[in-house]
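Heads up, the next two complexes both have chain A, just with different partners, chain B and then chain C.
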Partner chain A sequence: MLSTTAMRRAAIAAACSFAATASFAQETPVKGGRLDLVVQPEPTSLMIGITTNGPSLLVGGSIYEGLLRYDENLEPMPSLAKSWEISEDGLTYTFHLQEGVTFSDGEPFTSKDVVFTMKDFLMETKSKWRAIMEPVADVTATDDYTVVVTMKEPFGPFIRSLSYNVAPMVPAHIYEGTEFATNPANDKPIGTGPYVLAEWKRGSYIELDANPTYWREGLPYLDDVVYHVVPDAASRATAFETRVVSVLPGGSVENFDIPRLAAEEGVCTTEKGWEYNAPLSWMWINNRTAPMDNKKFRQAIMYAMNREMMLKVLWNGYGKVATGPITSTIPFYDAVEPTYEYNPDKAKELLKEIGYDGKALRLLPLPYGETWQRWAEVVKQNLKAVGIPVEIESTDVAGWNQKTSQWDYDLAFTYLYENGDPAIGVARNYITSQIALGNPFNNVEGYSNPKVDELFAKAATAPSDEERQAAYTEVQKILQEDVPVAWLTELSFPTLYDCSVQGLVSTANGIGNSLGETWIKK
Partner chain B sequence: MSNFWTTFKGNKGAVVGLVILAIVLLASIFAPMLYTTSPWDMVNMPFMAPGVDSSVPLGTDTLGRDIAAGLAHGAYISLLVGFVSTIVSLCIGIPLGAAAGYFGGWVDDVLMRITEFFQVIPSFAFAIVLVAIFEPSITSMIVAIAVVSWPPVARLLRGEVMSLKHREFIEAAELSGQSGFTIITRQILPNTISPVIVLASMMVATAILTESALSFMGLGDPNVMSWGYIIGAGRTVLQQAWWISFFPGVAILLTVLAFNLIGEGLNDALNPRLAKRRG
Partner chain C sequence: MLRFILGRMVKIALILLAITILNFCLIHMAPGDPALVMAGEAGDADPKFIEDLRAQFGLDKPFIVQLWTYVSHFATGDLGFSYRQQMPVSELILDRLPATLLLSISAFVISLVLGVVAGVIAAARQGKASDSIISTIALLFYATPLFWMALMAVLLFSVQLGWMPAFGYETAASDFTGLTRILDIAHHLILPAVVLGLFFMATYVRITRASMLEVNRLDFVKTARAKGLKPSVIQRRHVLRNAILPVVTLAGLHAGQLVGGAVLIETVFAWPGIGRLMFEALQSRDYNVLLGVFTVSAALVLMFNLITDFTYRIVDPRIRLK
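Coming up: the complex of A and B.
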């Protein structure tokens, strides 16, 4: 058995090195072919200006585009905007649009569509967009291909808010003056993207065809893209093994299946494509009640957890142990102290120091399947080892939402997306103004520190990146000292694909935003 | 009594069942001494196959927990749930059945309609609903299993009582002025004990199966290591690690078989005429 394990390891290593060589050899893309992948679960709609859950974005990203795309360091790249300038004072953004772009119904895409999307459409459909537009004074079109955004105050995160998933450009000529949510065009999405919807057989597959009038010269390479709907994880793994599908987007199969599938011949893996979402997992610690209201008790929890082992055993090593509130892949992350290594003795010392009475804590696992349930069991054992008894509570998704949003928990698992900028995805979990009952994604732990509030506010509107960085570095130090929540790992959802598929992930938004450049080696 | 033993011993299956049960009982008693640490502790590499490392003879699960330790500690839970839920359901079924059978008339009608109400709902589905309503825990599982498994007891008792009711010794007791309650407890129940014991041994087996099925579906007590839980946790890795589900599966099979064999043996021993006819 041991030798089989060793062989499996060697095979994985071989697969990885093969992946590396494949990407080094720059070959000329060939046109044609059909790409089969899995979408899980089936999206409810492809109109991603209205429906924004993961599966919709995965498919809709091939139909709609944003003004900008982002590379793996979240630096903006041209998309529908071919270039842009930001004024010295950070108050004026000028976007120059691509010329000769048409929607899939043949109408040209102009600055009119951009202004409509930003000022009317998304303002009505997306609460997240309303928050982004808060510091924006106005959006105007100076000519058909120039859009100027003026700010009330500098707001650095704005330049990272123009991706296809936050701000997809929708056609003004279809939506203007209509009821957005019930417009019939929602079922026949019309965008500027590389593919158009050909057929959607509910419960079975979604087929997209190449957009014949796509504005980027020579793209897309593929003739069709088919997203298969397969409801069972084991069946998805089998579909990949038999190559009914040649791509398994991140999260399609169970973690422990990944090494097995990756070890097969001709299978490549990549962890890229999650830099924008940057999912970070942690446990909410209810800061309101004893003993969790004591910072030293919360630090003891951090020292008690063997997070390296959790990553290795539960996530097969995919991901990274988190150091603090900001994921290391998004801007303004800083590797500051204190960090918490596995040190049960230190945890015991801290508990002794505060005179912890051994009161049992309730732990609410995230009801998202196998891995999360096992994770709760590991945390329970780790805490028990330092003398904190833990009772795991059983729950379903509704119960989890209810308990976390009503603050009825001691410890509760969660993971959240950071959305490309700490001002958008991080501040909401730590600032006082976000303490509100009824939402499981805000400041659920009830941590309140005026200094932290001030630093987050300053960081969001500081005119220069240096000043933003200084404020974020400071705030990370304070939070890591105070441990308002117990950070676990930066999650990674590796994508598995047949090695003949090339250029699968070319942006920080992953497969959802990259298929225009994907091709299949013959 | 000696007669009982001779007949019971004559049934080889029953003796085998008794031996298996004794082993399971010993395991549940000595588990905390054999495996002093918690069965939830990660003691070795995850996915360790059986026989590779002598410290984990039955291998480890997805997190590196000792399967053998899980089996030993799980034995206690299975027996606990099996016995306690059976006792609870006897406590519900016996009085209801006895009252319905003895008093007859509208009492019988009302009690039997209630029993039927519980009987028409598929018992496993009903147990799932009950556990889901209360939070899953050992107590809620015992309650749920008891609530779904008492109707056969009530029906059996009712039948037995009705056939005894018109016997001469009961009429004699009535004439001597004993109250209905005294007659039921002193005269009738002692005479129904043997079919109840046989039924109860089968019910323990069913309760253990139900508990395993609930835990398998993730509706068990998340703080308790039980056989069904180990199988449920190992189900998704069946291709990589068969042993995680296999050993607790065998444990459940043997334990349930043991109770059925014992039940059979008891039936023979307590109804000698029946046994002879069959033999």
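Coming up: the complex of A and C.
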């Protein structure tokens, strides 16, 4: 069953090929010009095989490429792999690589680089990749342009784990036998992407030039791309108003500024490009202590929150109220019950039923700017209205990481990316094996349910999509009943750009994976 | 003189060492862990990732070992390596220092010159309308929050009038060289330097005015007047020179804060300086960068104190260096 679906996907992908991008650009692309955009905060490194924070990926995604790209429905598209096959039993993946691809230093890109990246480099540098490789038995090169991945057991999410942000292909001839973290090439990234690093003035800007030997014919259209480092949100808005920059990637300005900027003449907006990451926000509820250890108390929190209002007022309607653990744009999402509408009376009833004593809760906002601070205040008001007193404990990023990793909170805001598949981005937040003191990620709330563990394990390795769906549907029902965390919003970070910029977002990974096809209308 | 300088240099070195050790202890006492911040930025982490980071930067070693390692490297002039930026701290600081010094010194000169001139005028016209106007304007600039003044200046001069660049140190990715580049940087410098300069100007106006008025009442000024000297000569040669000592003291203190004092302006104007480097390092608990910036800042304070002492000697020959 998996093989049929997978083969169909491969066939669709092959049919779409790169011509797919033409649908994004209605007119004939014009070559030349420079694109100015904002990157915030400043990346710490552009070597995205090692550094995977958002800003590094935004810039580094134009320098490095993965084997595959994904369209807005998360269907794989060719990138460094021109085609692929998955065996009937789901245990063998065969990737056929593009020929004639070179790294920016002139060396050819071959299957040797793929094997090295998958088996050595990323295993050392990326925790996420180590998890993806757990069901993988081996990665081998059968010739210069063919790579075979054999699995210990079927693992459906694997095909959605080969994008630039998860598995960027790095040059074996540069890194093999070296200390990866300190290799000088980290400062002068060498990839196969459409752009190469021209200049990085730390604290000011990063300039990328078109890669003259880029393997996709006629691309990139732009001569160069300049990412401006502007630390203040209001200054970023000004930079866009004065058109020093013509693109504000999602999350660059405070939400309350978006409607004003979007209303200006010649300004376009898009919410596309976040389908792969699918950011979902929630509040961790510390399940370890009373009264949060009681499921009914957690349900009361859900009923007490007016999440529609939060979305409308704080996020200007961008995004969607979350129903449960899986974002609605991610495969295997199911609109199951129970869901929690705003019902303060029901919340009060539940609190009375469990004999809640009015103990105050400590709420940790996310220190990412005004919107998050205000969000915490709205939650405080909502909970106070049903009789739950809340004290907001503000802290900076380092303090937030410290408190959450030490489980020193009652309620804590967070948001996480779901990374294209529930097995990769969702399970980690609810399974028992991901409870780890000292780690600010994953199952920080301390929820543990053997049935949930079993269902997530089953869903990851089920041989067919139907079986995966059945397991995910069941797990969603259980989690939505148990409310291990308080789901808030499927976040949307609109990108604002000058309407002369064309083809800005052509993959589910947004600007970070699309600038090769971007052009400017004269 | 030589003995004085050598003595002061030894003192400066010892103070710097003490400051560094104190800063090291204070920073490590603050809640937060650089490895966790980096893990947070990565968006995902397993225990191995966090342990590897701690081991890579020596954060897994006992505090006293970390302190000894830092101090022994510091003694040889090595300020360490930035965890987050993967670069030597000295390189990071040297990269950012010129921009900060350019902005701060420009603002310093603007505030000092405008402040002293306005203070002299206000004192000479004590009680008149011009005195009130100068004092009011100076206080207005001082009382207005710096970031707000900066934003308003950007809105007016960049967005509305389009006279000045909205942010940055120079036009990004331009091919300007030589004089064109200097003029480009100067164009970018005007707005942040003037805003910062006007903010600090008030203190110089107040000190200069008060000091001038005090000196004006002294006997030697009366003598000068009795001798029939022109009022402008009396003010410039006799009063100002005697009234300037408190201004020099203030300027010395102010100059010492040049490195870290422009964080807000550097942020609003996206000026790639030390202030921003320090702020970002603080947020990410990049200990070595923070310590490096604090050390450079402390060294500058001590150096400017020394310069202030010499300036006293020049301004007032009665003061002897001991």
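The rule we apply is simple: the second predicted complex is superposed on the first by the 497 of 522 C-alpha atoms of A that agree within 3 Å, B and C clash if a C-alpha of one lies under 4 Å from a C-alpha of the other, contacts with A are read in each partner's own complex, and residues count from 1 in each chain.
The rule is simple: a contact is a pair of C-beta atoms (placed from the backbone, for glycine too) under 8 Å apart; a residue touches a chain by one contact, two chains touch by 3 or more.
Small disclaimer: the values here were computed from a predicted structure and weren't measured.
When both complexes are superposed on chain A, chain B and chain C end up sitting side by side without clashing.
By the touch criterion defined above, A:Tyr356 reaches neither chain B nor chain C. More residues of chain A are in touch with C than with the other of chain B and chain C. In the superposition on chain A, no contact is made by A:Tyr318 with either chain B or chain C. When both complexes are overlaid on chain A, the residue A:Tyr409 reaches neither chain B nor chain C.
With both structures placed on the common chain, the touch criterion links A:Gly438 to chain C but leaves chain B unconnected.
By the touch criterion defined above, A:Ala234 reaches both chain B and chain C. In the overlay built on the shared chain, the residue A:Ile392 is in contact with chain B alone; chain C does not reach it.
Fitting both structures onto chain A leaves chain B and chain C with a minimum C-alpha separation of 8 Å.
Overlap of the chain B and chain C contact sets on chain A: residues 234. Per the touch definition, chain A reaches chain C in the complex via residues 34, 36, 41-42, 44-45, 51-54, 127-128, 130-131, 181-182, 186-187, 198-199, 201-205, 207, 224, 226, 228-232, 234-235, 238-239, 241-242, 244, 395-403, 405, 416-417, 436, 438-441. Considering their complex, residues 38, 40-42, 46-47, 49, 52, 62-64, 135-136, 218-219, 221-223, 233, 236-237, 239-240 of chain B touch chain A. Of all the residues in chain A, the ones that touch chain B in their complex are 1-2, 5, 233-234, 254, 256, 260, 309, 313-314, 365, 370, 373-374, 376-378, 380-381, 384, 391-394. Within the complex, the chain C residues that touch chain A are 30-34, 36-37, 39-50, 56, 84-86, 92, 95-96, 99, 151, 154-155, 158-159, 162, 165-170, 172-173, 267-273, 276-277, 280, 282-285.
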